[in-house]
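Before we start, here is the structure in question, set down as structure tokens.
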Amino acid sequence: MNKVVANAEEAIKGIHDGMTLMLGGFGLCGIPENCISAMVNSGVTNLTCISNNAGVDDFGLGLLLQKKQIKKMISSYVGENDEFERQMLSGELEVDLIPQGSLAARCHAAGAGIPAFFTPAGYGTEVAEGKEVRYFNGKPHILEHAFHADFAIVKAWKGDRFGNLVFKGTARNFNPAMAMAGKITIAEVEEIVEPGELDPNFIHTPGVFIQRIFQGKDYEKRIEQRTVRPKA
Amino acid sequence: MLDKTGIAKRIAKELQDGWYVNLGIGIPTLVANYVPDGLNVEFQSENGILGMGAFPFEGEEDADMINAGKQTVTINPGGSIFDSVTSFAMIRGGHVQLTVLGAMEVSDTGDIANWKIPGKMVKGMGGAMDLVASADNIIVAMMHTNKRGKSKLLRQCSLPLTGVKCVRRVVTNLAVLDITPNGFKLIERAPGVSVEDIQNATEGRLIVEGDIPEMS
Amino acid sequence: MNKVVANAEEAIKGIHDGMTLMLGGFGLCGIPENCISAMVNSGVTNLTCISNNAGVDDFGLGLLLQKKQIKKMISSYVGENDEFERQMLSGELEVDLIPQGSLAARCHAAGAGIPAFFTPAGYGTEVAEGKEVRYFNGKPHILEHAFHADFAIVKAWKGDRFGNLVFKGTARNFNPAMAMAGKITIAEVEEIVEPGELDPNFIHTPGVFIQRIFQGKDYEKRIEQRTVRPKA
Amino acid sequence: MLDKTGIAKRIAKELQDGWYVNLGIGIPTLVANYVPDGLNVEFQSENGILGMGAFPFEGEEDADMINAGKQTVTINPGGSIFDSVTSFAMIRGGHVQLTVLGAMEVSDTGDIANWKIPGKMVKGMGGAMDLVASADNIIVAMMHTNKRGKSKLLRQCSLPLTGVKCVRRVVTNLAVLDITPNGFKLIERAPGVSVEDIQNATEGRLIVEGDIPEMS
């Protein structure tokens, strides 16, 4: 099992115009910075991106939005991005807003072979429009379907050449669920280690879900809200 | 009348020992600062933390350690980190005992709107729809009126809903009110606020039964 | 947060006749030995037990079967137990057999607030009788409902007094999913450690799912099929 | 004619580099012993292992480290351990490229029965129903006839089904056969076995086109 590719350019091979992508991350935390840069350079366009957020104006998915490479965003929260708002209000960009828990569960469901499930989230709101409603224990639920993606792109802390991944802190977020859901899943990691170095009992994402892995470089890891307290 | 801190302090009195609590962005976040002494309460942040701690010391902030408001945070001993699927399993599965969140509007039947102003603002619902649809114990923390002085406690919400019949209690700068089958039931007045002040600021049905105590 | 109770007898308080229990484990691996013994002693009866297997004649859930404390088993595989077979064929014991993946997913769904989901497993078989069938991408699926339990009883390797759990090796199996699904979940562990000793980044079951925890004793950990190769 | 080892060796030739493979109990388990040199194949055990390794050395067996057959096993470097939910997510989600399992009966439309003999034996389906309903590549490893000499390759299964229209290929002591819309298509004969032998032992529709090679 050797899934290692040289770099982000190699990793994104086969991502074509019009494809559907999943991208891990919450805000700017745990996003695949290297692959996003490589896609900005590749010029691939008309993308549908499933990602919890849309980056900020000049970082994360905002970089692809700036270049108008994204046709449609499927997200739960898209504040913090003026260019995004401009494109959305002008109609240049399609946007599907999805409750965050449903977004996570719909990605996971795709990876887990569950085509649809009932959830209470969104009942009685715009989100429920056109969706089947059913009561369980007297409580209304709506039927949500799995999301599928041509490529899923995730960012992990460490990985081995079998594709086993370990995430650090809250950079985990959507990455494990999306890793399961790509027809092809690309993992970029801060450090590639030898098989066996990661304790098999504490692997967050088993390698079976990963098709390509590479060691990224120059991670900026920008912080959106730097909140601190003074040292005592 | 309460300020934002006052609202947070009042909500902190609702906490019970052993509870897991999810705090939304804004006023709700402040609640964490006023946990009564001796109570063990764990804060959940829906991006994947249980046992969220204080902000980090200057220079110790970690880009890989943020809360749902994208602020750098720490984790307390006994805390845990998990992915988004597990986080919302906790929420949807009813394992979180209290959710506190802000709102733009609340109806007297417990509907809440807080994610969208058509044509003006669409930031998205984030985790709010999952939270309000799942938990039994939803407290809204907000100002009683908006910046133009209009009531945010309405007969019906005018904005797109986040959830229906889900709010249990509302704590505002003027009052504490519970949602009942017949509307907002006034529970407490903020210091120096009269029942008439509250009536004037409440567009939805208001139930005033007996003497309404002032918050202590 | 202090969820520690003194022992198995304390932990099982409130488990009454006629209740539905989930019990973690795969075969005899990762089963809550201490709680099972305590229930044998308590004499609680008429139980419905959701557990992947039913133990062997004289160990695991077999101990409760011997004493006829179980009214109904919900399992995926029940070989390896003559007393079980006898009670089942004689009609003393009700048995619901569930595909293993559906069993795991139905426990997890209960804990995750998902009342029902579609799965391909069991379509066209006895398992699908009376269940809704729906096609997704041209493939038939059946609707399966979440399992709930009055108590879930799991066995972990290490845990702290907040209820955070870490499992060892394949003793993990059904334990994390069942831990999420009990109205009350009891965890028995081989070692209780101080809060903070378990790396928060590598906790298998967050404490929020656990209501009671205790350090078990005298674990037998019986092996069903001891397979070895000679030392070179 | 092949013995059980021979069946396993033949199935091992189906393996491809980079595949994840789930092997059922019995003959399928033996396949792991005959992985062709130079191929990287990882074995999944549905109780929660990827990268299942050899049996442990005597004295090193660990009760917390078993496979789906409850045998003590080891894990190879690069392997991982996970819970039952994740294990069946892998299986149901189509992440496992090959499943090999035993059967009591297979029909010529690809139905399989292997978990129950009404009134006689009910051990349960374990993970078999999830496996056969999910994977595209299901190979059945079994004897061509049962102990009483009756064909196990049938027009229709008589026993309760494990899955419908799911088997892709059957490897028996007599032959390799693929399921096609028109029945079992004979692909290879076991050494020393004639087409007539296979015809006599096959109750379901058998398609014989051209010369049928003997296994090499």
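Letters A, B, C and D name the chains as they come in the text, with residue numbers starting at 1 for each one.
Methods note: a contact is a pair of C-beta atoms (placed from the backbone, for glycine too) under 8 Å apart; a residue touches a chain by one contact, two chains touch by 3 or more.
Everything numeric in this text was worked out from a predicted model, so none of it was measured.
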| item | value |
| --- | --- |
| If a chain touches subunit B and subunit C alike, it appears here | A |
| Of A-D and C-D, pair with higher C-beta contact tally | C-D |
| Whole-Å separation of chain centres (CA-atom averages), subunit A against subunit C | 33 |
| Subunit C-subunit D separation of Cα centroids, rounded to whole Å | 28 |
| Centre-to-centre distance between subunit D and subunit A (centres being mean Cα positions), rounded to whole Å | 36 |
| Computed distance of Cα centres, subunit D from subunit B, in Å | 55 |
| Residues within subunit C bordering two or more other chains | 105, 108, 112-114, 119-120, 167-169, 201 |
| In subunit D, residues with contacts to at least two other chains | 81-82, 88, 91-92, 134 |
| Chain pairs that touch, as defined at the top of this document | A-B, A-C, A-D, B-C, C-D |
| Contact footprint of subunit C on subunit D as seen in their complex | 45-49, 54-73, 81-85, 87-88, 91-92, 111, 115-116, 122-130, 133-134, 160-165 |
| Sites on subunit C touched by subunit A in the complex | 105, 109, 112-120, 134, 136-137, 141, 145, 167-169, 201-202 |
| In the complex with subunit C, residue positions of subunit B that touch it | 18, 20, 40, 42, 44, 50-51, 75, 77-82, 86, 88-96, 134 |
| Complex contacts: residues of subunit A adjacent to subunit B | 26-30, 52, 75-80, 85, 88, 95, 97, 99-105, 108, 119-127, 157, 167-177, 204, 221-232 |
| Subunit D contact footprint on subunit A (complex, rising order) | 1-2, 108, 110-114, 160-162, 164, 180, 194-196, 200-201, 203, 206-209 |
